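Written out below as structure tokens is the structure these notes cover.
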């Protein structure tokens, strides 16, 4: 059973549409793999284009995935008409981002009318084995249209 | 006068070479604009490919620039033979990343044998006017080859 | 000249009164040393009661000073009637907090209607020499009374 | 079954002794409630001395508890002879720290030879009900004696 009750019946369609309007996600090859109220998995295939000097995926790219996972997870719990922005995030890089595929898994820790706090974890997958490579804590903000 | 004395006479060549070995920097269109001991400016032109749903540059891409600026700034102060990795960073997003060109400016706050702490600021430039769009604090680690 | 224009003419009295209503500040021996719009210095004498296992001031106590400096700096720019709370902060500990006296210096980086971002630095003073011992970035939120 | 294998057979005695050598913990009324390899609960009774302007426990005091929980959790996995210091932490404050008793629960996410990453949560207890009031991610460093 999901831990959270969405305020927007169309949360799935709205969150998916917002995700898909981001050219950066398409360029980075990141897509939605799982979407529940307050929970999101994004997936990304390895691409040599986005690596740093040792052939690992760049921390900024890992952060883009984690931040988007947080944003979409938070967005599923926001009311109709809300837009979302990231206030801040903090990433710890735990292991080299080396793998065939990456998963960015975010959970809402505390939803709020204005601010929502999320945690996310990035896993690298190689031969079906997952390694935790990074963690994020992020603060997201709901922007409501002014009347 | 620079605030720091580099331990590696070839700091400029070594830092530049490390930067240039990162495919992610080429893909994102980020280059070194200024390089002093413990201080780096990176520059990036706006690219619609790396935007989020409102046409602003994605926070992950801004973070990639900030993180790299921190990494290169820290790296200029490391001894010959060191490799570098990012331990963690924290980014606050202050304004929409909207502009023709972006500058990522990093300064070493505290160099160390193992850990170096940096601060960085991202500016968006439009018609020659700079706007502060994000700030980062980051921790970088020197890896010395084992004998 | 101050960088910011306060929205509350009585900012000094209001910020000071809010600071003084905090028993924790009295218990820790922290007081306001300087107060300008968006800028605050707090001061604390060394006290053996608040040290960790090596005789340095505990990181949580340093954080209490940094967080309060950020909070008061942000509060000076908030409108009349606002209350303030800390959303989050991040502290890097740069050197042992060893000294006779400590100064917590905060500056508003970006004021906002809802969120204000501050940076703060903690200095330890011994024989008149200041050492930077910690830095903080913090996000503060204005709470306006509901009508 | 514990998730981690301690390197120091005496981890319990050594971690407890280090905790008890901290005057700040005694002053704040914080004690060890549970200690396993890589996992620690600290407990603190409410004290009006350490509150902010609304009667809630000050964020710096909550952070002192979270930081110590992280430190002790990390320390249980360090080799004999190590000393420990906090590199950095990030705290999100989720709810007012209002309660009769507080628990600071830390888990090692990634132990390492030099750096250990921990997560911690602060809970306020009232009438036996726990409320999550804050979360921390922290980086701890092992200091080995030079020979």
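Chains: A, B, C and D, in written order; residue numbering restarts at 1 for each.
We take it that a residue touches a chain if its C-beta (ideal position, glycine included) is under 8 Å from a C-beta of that chain, and two chains touch if they have at least 3 such contacts.
Source: prediction; values computed, not measured.
Peer 1: Would you mind telling me which chain pair, B-C or A-C, is linked by more contacting C-beta pairs?
Peer 2: More C-beta contacts join the chains of B-C.
Peer 1: If over half the contact pairs have to be identical by residue number, which pair among C-D, B-D or B-C is the repeat of A-D?
Peer 2: It is B-C that repeats the A-D interface.
Peer 1: How far is the middle of chain A from the middle of chain B, if each middle is the mean of its Cα atoms, in Å?
Peer 2: Centres of chain A and chain B (C-alpha means) sit 23 Å apart.
Peer 1: At what distance in angstrom does the C-alpha mean of chain C lie from that of chain B?
Peer 2: 28
Peer 1: With chain centres defined as C-alpha means, what is the inter-centre distance between chain A and chain C in Å?
Peer 2: The separation of the two C-alpha centroids amounts to 32 Å.
Peer 1: For chain B, give me the residues that contact two or more of the other chains.
Peer 2: As it turns out, chain B has residues touching two or more other chains at 87-88, 90, 92, 139.
Peer 1: Can you name the residues of chain C that touch chain B in the complex?
Peer 2: 90, 92, 94-95, 109-110, 117, 119, 132, 135, 137, 139
Peer 1: Which bits of chain C are touching chain D when the two form their complex?
Peer 2: That would be residues 18, 21-24, 27-28, 48-54, 57-61, 63-68, 83, 85-93 of chain C.
Peer 1: Going by the contact rule at the top, pick out the chain B residues touching chain D in the complex.
Peer 2: My answer: residues 87-88, 90, 114-115, 139, 141.
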